[in-house]
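Heads up, the next two complexes both have chain A, just with different partners, chain B and then chain C.
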Partner chain A sequence: MAIPLKYNLRNLRVRWRATIATALGIALTVAVFVMVMALARGLKATYVNTGDARNLLVMRKGSTAESSSQIERSKVLLFKYYDEIARNERGDPVASPEIIVLIQLDRLDGGNANILVRGIGPIGFELRPNVKLIEGRLFQPGLAECIVSRKISERFAHCRVGETFRAGKRTWRVTGIFDATKTTYESEIWTDADEVREAFSRSFYGSVLLRPKDAAAGAALIQRLEANKELFVRVLPESEYYKEQTKNAGPIQFMGGFLAVIMSIGAAFAAMNTMYASVGARTREIGTLRVLGFRRRDIYLSFLLESVLLALVGGALGCLASLPINGMATGTMSWTTFSEVAFEFRITGELLAKGLAFAVVMGVLGGLLPARVAARKPVLDALRSV
Partner chain B sequence: MTIPGFIFRNALRNKRRLTLTVLSVALSLFLFTVLQTALREMSQPQLSEQSALRLIVRHKVSLANVLPSKYQSRIARVPGVKRVSRLTWFGGIYIDGGNFFAQFACDADALFDILTEVTTNPDQVAAFKKEKTACMVGIKTMNRFGWKIGQKITLRGTIYPADLELTIRGVYSGGIDETNLFFHHEYLDEATGWHVVGCYWIQTANADAIPDVIRRVDAMFSSSSAETKTETERAFQLTFLSWFGNIKLLIGSICTVIVFTMMLVTASTMSMAIRERTREIAVLKALGYNGRQIFGLILAESFGLALAGGLIGCVGTRFLAQNVDMYVLSHGFFVRFEVTPHIVAAGLLIAAAMGVVSCLAPAIASVRASVLDGLRELD
Partner chain C sequence: MDQPIVQIRELSKVYRHGDIEVVALNSVSLDIGRGEFVALMGPSGSGKSTLLHIIAGIDRPTAGRCVVEGTEVGDLSETELAAWRKQHVGFVFQTFNLIPVLTAFENVELPLLLTGLSARERRDHVEAALELVGVADRMKHLPRQLSGGQEQRVAIARALVTDPTLLVADEPTGNLDAHSAADVLVLLQTLNRAAGKTVIMVTHDPKAAAYARRMVHLEKGELLNEK
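The block that comes next holds the complex of A and B.
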């Protein structure tokens, strides 16, 4: 027969000082783990949300980012009217030649960052239906106007509607704010492609984003474009391009794992200390339990369970403590484009479950040896101890 | 028995608990030291003394915008400029994306007149200057990939549409960054046909000339198609480091959490150790030890325990960092990873403080407890 759970719960309550200290140690470990992983997940999710699987991205062969790709205007004209590319209601091909430049802007809270300026055309908006204007109006080509994302306008100087900033040969006026929630566009400034090329002395476009008629046409188009030696391009689904960039979260994820492992060993040591002390102080109780007919196995399980319970309390506290950062905005530099990416901490149910599982592991590690000591105590000696 | 002997015996009475506690303090301080070192590398520019005389000229808009190569001769004529080299980030891939290291196109003749702090072999430098496809590589990167002098390597261009076939003609060591690869700018120009420059690297004649050089260079190009921003190497590096943004704040907060966790662990252990001895402490009091002496005994034990953990954690990390190549381990992310004496001292100080703070509550309680209650206590 198993020892009732109530016995363990009461014990934890009686030794509340040790319980609280140990549980808090585990809680902090779990909280650090969940927060760092939430950061990595937020960054990853931002990239994954950005790419649309239906779109294809055409870049120069060999370049790994839009910002380092160049495609001459004449080459764009060579393939823009291919049959495989979808047409919009006006009959224009749904293909958007775009150009990206980096400009340095001052953060409102000090320091500066590289911001990605994307030159696009009307088709560019059609290809990204999730981007919505929330304030002001669109830019008009030829007037050095631009629209900025909501996050940029909140975090950087001179980026509210009506304000101006200098970049390249022009002074740009902000005419609108757009919302592109949870995508990397949330970290960009958009304006007219040809104007960007002129202002930043670029003779070429950077990349072309296009929509094939259907999946089959897409596959054919990839083959046709990549086989063309003259174009010298690489074509990949937009979703894949952004998926590749999730590797930017690598160092953060590594840090999360590293911290979690080391801190959890420390926390497991603390749990072990507590459990050893608990076993030592209860020697007579253990003897009594044995005399009452509980077997060694029951005692072993009971103490292990107590350790896991202790860790679970800690784990739950840790998860609770980490919750407030869910959705908190932050930013870091993308090593792919060398520009600032804004994103949000993202805590999912799965991540919380992982945090709890992690706590259970700490509890088991901390409880195994003390539970064994408890189970092996000889009955008579245990009863005799003061 | 002497007093230190008594304290020592007391600490050793439960070896299992002692080991666990010292190890958990050591682990916390290991983490603290590693994070502080990472934080230092991410927030403080790593500069040599010689770099104080150097300036970097870049495009005003951002680093990703390039400058015309014709600027070089004009910059060279500015009074106060001793030597100038083109310096262009190539950003090529060696075999695959995981092998990141910095590669720069430069003027082979000027390079080591500007980068004066590194050690090179004159024969190797001469061979490097002679051959257009030659390159000089930092010793750390040489070791990382097991390269030999004379070996040919290919860098796949990502920013520039060209794959470069380079021959390693020399190695440099010393200086702050021993991981870079330098090759001839002429080779890049030929391979791409572009003739553009990322930055210009200036060696000034003396420190007094710097403000003047900065002003003159920027004024010279202020109305041209590519305006420049000239800054000291320090300012240039600070710009890079500011890009890490909130990550630094995150690491700082984690350090605080770790210190706090450490305090919890030691405090809980100390109170366990003291409660277990309630009767003994009462006996000591009955023997005539006063409260201050008993407090001292407990304090010394806790202090020693925390400091032992701190020593293992901090000094161990320093030893580890000196013997493990973090540059290879982090795939090129950390260039130096230097655990400075300063960081070790900070860690030890925290450990010592924790040792004192964590025993305060249980020590005070046991000092205040009455002798009779203590003697009556059972376990």
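The block that comes next holds the complex of A and C.
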């Protein structure tokens, strides 16, 4: 680096008004980029956290989501007692036939949203040890009782312990609140599977979640179940199923990326404008540097670097501005289950680095032409400029 | 005189502004020896600055030759010229042309950044140059915190610090009051006499030119008889 960096830094400081105005434009763009990506990452992380690699999910062949799968009761009985399936202390197979229905609930802050009601059996809790009851008690089958996640009890009406809401043919009473932090269960209401089938007139289950004795048994079980023509099922590790669901973050990521790119074009032009003004005001300095023996390339690099430094100031501000949303909870619509998914924004070091890299790209794009103009000025003309 | 350090033969420079041609230099021939202090004099538009710019390698002749220490300056590419300038020419401007955001020390250090000197060596050179021109006590000041005379001294230190073949000054006292101007001229004279520097100075002021050992007059792009 022939021309010292302090030359650029001090010039940015001297022209602080233009520096700040331009940096803010870049900061805004980087902040939007980081926030949207944090949202997409948070959503993905929620799905990835949900699946347990030890569990297998059985759905009807051709279904891509639990909500669109149907498995008849009689078929569940055909495979529930297979040897490959683990048994609990009481000797029962660790397999939970479940059903999902969508209901509509009113939000506390107005409007309403689709919420997933999951009908499970007692084994369902054994398969999901990370779900914990934090208030009240479990539901009792047959009494139209249910438990709701903490996020839902905080965001929706009639969802606190002791309150009731109408759904299907029943009026459901909330008996407990559960915590399923950072998983999609955090956006569900749980109750008894058979009661759900009855209240919503379903003759079938949606899926069966089960745990094989070990990994080898799991592989064998997948083969055995899928080979059985009568069952007509698809079996996959629960973790894989939820990984597939991360495609829900796709549209958000795309929209965010699109928005950031559009904004970055504006911000790059702002940087270009600022750099052109800077080159114009420093023409005689450029001439002087050339007379001292600095080459065109030195001048070019110096101004390009200054533009990048300017953008980095903006990038750093943008990253700082986005930090407060880290860990903030929100909800969005899942495009596979058409229900609300609650999740937290997740800002990582890597994401911040990407935000800064994005700023650098804007700085380079904004600086290329002004730096070229600076480097190409004939020495004598530059010296004569006032 | 030994082999001249600057040899100018039949040098012409024509500027074109659309259809109009302006002859700035017309077939000028001149030799400048090592250790001379030459004043290039003449009224505005006489071509004295153009001649200086060509000698300093920041302008190119239209015809003729300008050889400085064996190098035909007009033949060099842009990049070669930049490298040549940093080695052979120390330029002093009428308007000082210090970089406003850099301190006196940093301004003088600038040309040394193009050399392979270590930070320590650079510091020694800069301090010596500032000492020589008498503004060592101002090295941490920014240009705007200096008087015109001090600024020009710093600029002379910057021109000297790489120990160039030629010290080239374009109206170095044009923006100074009489007192500061005399100081700067004495400094240039001292550098010439005590340190043996070859100095080429453009001026239209006979009082300034009187400090030089030799005066060369130009008028309308042509050399008049020397005094």
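Descriptive notes on the structure:
To be clear about the criterion, the second predicted complex is superposed on the first by the 385 of 386 C-alpha atoms of A that agree within 3 Å, B and C clash if a C-alpha of one lies under 4 Å from a C-alpha of the other, contacts with A are read in each partner's own complex, and residues count from 1 in each chain.
Methods note: contacts are C-beta pairs under 8 Å (C-beta built on N, C-alpha and C of every residue); 3 or more make two chains touch, one makes a residue touch a chain.
All of these numbers come straight from a predicted model, not from anything done at the bench.
Partners chain B and chain C, once the complexes are superposed on chain A, both fit on it without clashing.
Legend: residue contacts after superposition of the two complexes on their common chain; A:Ile265 is shown touching chain B, with no touch to chain C. Between chain B and chain C, more residues of chain A are touched by B. Contact with chain C, but none with chain B, is seen for A:Thr288 once the two complexes are overlaid on the shared chain.
Of the two partner chains placed by superposition, only chain C is touched by A:Val14; chain B is not. Of the two partner chains, chain B is the only one that A:Ala113 touches; chain C does not reach it. Contact with chain C, but none with chain B, is seen for A:Lys6 once the two complexes are overlaid on the shared chain.
Here the apex is the CA centre of chain A, and the angle it makes with the centres of chain B and chain C after alignment on chain A is 90°, in steps of 10.
Applying the stated contact rule after C-alpha superposition, one finds that A:Leu380 touches chain C and leaves chain B untouched.
Looking at the shared chain after the overlay, A:Gly62 reaches chain B, while chain C stays out of its contact range.
Once you line the two complexes up on chain A, you'll see the smallest CA to CA distance from chain B to chain C is 13 Å.
Within chain A, not a single residue is touched by chain B in the first complex and by chain C in the second. Here chain C touches chain A in the complex through residues 53, 56, 58-59, 78-79, 82-83, 85-87, 89, 91, 93, 95, 97, 99-102, 106, 110-111, 113-114, 158, going by the rule given at the top. On chain B, the positions that touch chain A within their shared complex are 16-17, 20-21, 23-24, 27-28, 30-31, 61-65, 91, 93, 97, 156-159, 161, 163, 225-226, 239, 242-247, 250-251, 254, 257-258, 260-262, 264-265, 267-269, 271-272, 276, 333, 378-379.
Only residues 2-4, 6-7, 10-11, 13-14, 284-285, 287-297, 379-380, 383 of chain A touch chain C when the two sit together in their complex.
Residues of chain A touching chain B in their complex: 17-18, 21-22, 24-25, 28-29, 31-32, 35-36, 39, 60-65, 67-68, 70, 101-104, 111-114, 167-169, 200-201, 247, 251-252, 255, 259, 262-263, 265-267, 269-270, 272-274, 276-277, 281, 330-333, 338, 340, 386.
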